[in-house]
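I'd like to ask you about the structure that follows.
Which chain is which? They are A, B and C, in the order written, and residues in each are numbered from 1.
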Amino acid sequence: MTAPADTPRRWRKAPFIAHAGWRYALYAGALIYLVIGIGSLSVDWGRVIAGLDRGGAFLGAFLQPDFTSRWNSIQEGMLESLAMTVVSTVFGVLLSIPVALGAARNIAPWPVYYVCRGIIALSRAFQEVIIAILFVAMFGFGPFAGAVTLAFATIGFLAKLLAEDIEDIDRGQLEAVRATGARWLQLMNHAIQPQVAPRFIGLCLYRLDINFREASVIGIVGAGGIGSTLNTAISRYEYDSAAAILLIIIAIVLAVEYSSGYIRRTFL
Amino acid sequence: MLQIEGLTMRYPTGDTALTDVDLTVEQGQVIALIGPSGAGKSTLIRCVNRLVEPSAGTIRLGGESVTALGAGALRLMRRRMGMIFQEYALVERLSVMENVLSGRLGYVGFWRSYLRRYPQEDVDEAFRLLERVGLDHMVDKRADALSGGQRQRVGIARALIQNPDILLVDEPTASLDPKTSRQIMRLILELCRERGLAAIINIHDVPLAMQFVPRIVGLRAGEVVYDGPPAALDAARLTDIYGEEDWSGTTRDDDPAEARDAAHKVAASVDAPEIQRAAGS
Amino acid sequence: MPVLEQNDRRIWKRRDRATQMRIWLTWLVGVSILMLCWEYISRQTMWIFVLDAPQQAFDMAARMSNPRWEYTEVILVPMWDTINIATLGTLLAIGVAVPMAFLAAHNTTPSRALIRPLALGVIVTSRSINALIWALLLVLIFGPGLLAGVIAIALRSIGFIGKLLYEAIEEIDPRQVEAVRATGAKPAQVLAYGVVPQIMPAFAGISVYRWDTNIREATIIGLVGAGGIGIQLQSSVNSLAWNQVSIIFMAILLTVLVSEWVSARVRHAII
């Protein structure tokens, strides 16, 4: 602080949106939305206070979960969920690969590209449970509808990510293999596969994770798995059984996540 | 002014970074700290402001012990030590002005700094410093949009706005091209002279250190093995510091006095316009 | 990649025998598990209904292709509710997830031994349980309605946002933080100047992405009574009113496409 200030120059942090009018309009809009949005909640506080007892009872049930009295249906539901997870992930992965190849702009011809992108968009637009409602109506209640649902959702998820990876690959390697006179399948096997395989396997494991989580809820709409057991337990106010089911779900999710992380770290 | 006595630093892994280092820096004195990678240069200056906690020894600044301070008092002490970093360490997503003003964080309260409502004197001083380092036309540029030399000038302004007694400079030129390196070294030396600041400059470019800095300290494996003027730094001394190597071309054995005089002349003749031109280019 | 000597010729093989055997064995185990799972599903399935599926699908498609346009008016308010559930739920989740992330990241947590595991526990629990299950529980407590939906969405999102955000915090450049600390800044100032600017892009991207996901989630939590379009979907499906279902699907599709577009635009603007 040596020389005295000549003319004081002001400094303010450059605002997020330069135009003051727009900025304040944005703030006002956000505020109005919040007021309207929160107003639309229309909370019945009497009902909430009455419900808090149930909440407390439920939390208490977590300390004393009841695994035994409904063990048969819990076991059946869990096996069903796990079976659906495995089957849907395997078929979803197998089907997602051709769709992804078709949806990668750098290797697919235009008509194929649009068809495959359409399949992906369709599968991603709707939540798994909504797809499950449709498939239950088509295939009837049970795990088959659930497995088809999850396989369908898996296709959209994996094909989109894999197609993006394929679009990002090194063109030089692609040209080098093509220059050897390789056929299409050889090109896929020698140029594309080595570049995208490690990340794709990681994504498959991640999807296995998601599929188990979803397989534990779509039972609520009749698509098989532990969800229906859970729904029954909760609607009959059997909190201790419900707590047991939730604990098992959390444990399996953790186990799947931990082991897929382990596989990724050691093999990829 | 800065007294380091018996400074020892052992990492929890058991590696010793510094062994019993004694070093005194006088008011307004600039020293260059040279030595091979891993000799403990960075650790030494980080011990001075206790970004790294020393294992033993005492450090005093202006007679006040740094090593004995609690967290609050340490922050007040850190305001008196400006630090300039290798690869600049600017907060990349903040603007030039915000980066410079962040040097005042130790002086202003949290909410003031959070809302960017700094006292007008601080803003004035920031403008003055940015002018001095030739960057007053880039106040609202984001730090990650600047070139290396420009970033380091912002780093220098950030250190100076703390109004420090001493500068701790960690490899200021490590990621700069030779021309910019010299400009930055010259700027640091000039600013120290203008403000009567002491400085410790870690640097691994020996010729650059010898050209600009009147006192050289050589560190090897955590111990001081050389402390003296650049003129006395011959091949044998460099071998002490760095180990065996053909040092011809590095030292100025032929006529060290002349080389040093030339360097001083260059340093003295530089004026702000040249720096501004360089910054603008 | 072993090279074998055989009759003075060098033979190249991709893998040696033991590795090859291990790979075959892994395949065998994998395929066996798949067969077991398939067998289990097959046993639980009424194949007669499945064989009937093409018939059902045609029937449904026929009824859906004749949408009941008047129904659009009925679902306007539920669609608005759906968007509100997603938005308010995301905001609520951000409010809880941000402090949680700072408590869970190893470079910003106040205590690695005590607080970090607690914060990680909250994040993991929240992430493991689907929004629909949270909704199921919350409807019991708060009664049917939007509030249960908002909280259900928030509870699921806390884990998602918290996990990605604390990973982003752990990946920041420590030198920038060190530089701010060296100025003598207070801990809160170190966070505000050294850490927050570095994670802002990640934070905005994660939040908008989760909002987009939450719009989809909010379309279904009505199935268990937690508000939004799901209630209408449930009753239309139960009464086999497929001409209303197709209207609902179109509304959802439109909303989802718009939200995906918004979220993509915001994420591009930030980077």
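In the analysis below, a contact is a pair of C-beta atoms (placed from the backbone, for glycine too) under 8 Å apart; a residue touches a chain by one contact, two chains touch by 3 or more.
Everything quoted here is computed from the prediction, not taken from an experiment.
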### Task
Determine the shape of the graph in which chains are vertices and touching pairs are edges (line, ring, star, complete, other).
complete
### Message
Let me spell it out: compute each chain's centre from its C-alpha atoms, then which one is farthest from subunit C's centre?
### Response
B
### Task
Determine the centre-to-centre distance between subunit A and subunit C, using the mean Cα coordinates as centres, and give it in whole Å.
4
### subunit B-subunit C separation of Cα centroids, rounded to whole Å
48
### Task
Let me have the rounded angstrom distance from the C-alpha centre of subunit A over to the C-alpha centre of subunit B, please.
50
### Task
Provide the list of subunit B residues touching at least two other chains, using ranges where the numbers run on.
98
## Note on the structure
subunit A residues touching subunit C in their complex are 33, 37-38, 40-44, 47-48, 51-52, 54-55, 58, 79-80, 82-84, 86-87, 90, 125-127, 129-130, 133-134, 137-144, 147, 213-214, 216-217, 220-221, 224, 230-231, 234, 237, 242, 246, 249-250, 253-254
### Query
Can you list the subunit B residues touching subunit C in their complex?
49, 51, 75-79, 81, 83, 85, 87, 89-94, 98, 102-107, 110, 113-114, 155, 158, 162, 168
### Task
Write out the stretch or stretches of subunit A touching subunit B in their complex.
1-3, 5, 8-14
### Message
Quick check: in the complex, which residue numbers of subunit C touch subunit A?
### Response
33-34, 36-38, 40-42, 44-46, 49-50, 52-53, 56-57, 60, 80-81, 84, 87-88, 124-125, 127-130, 132-133, 136-137, 140-143, 145-147, 150, 216-217, 219-220, 223-224, 233, 237, 249, 252-253, 256-257
### Query
Along subunit C, where are the residues that touch subunit B in the complex?
173, 175-176, 178-186, 188-189, 192-194, 197-198, 200-201
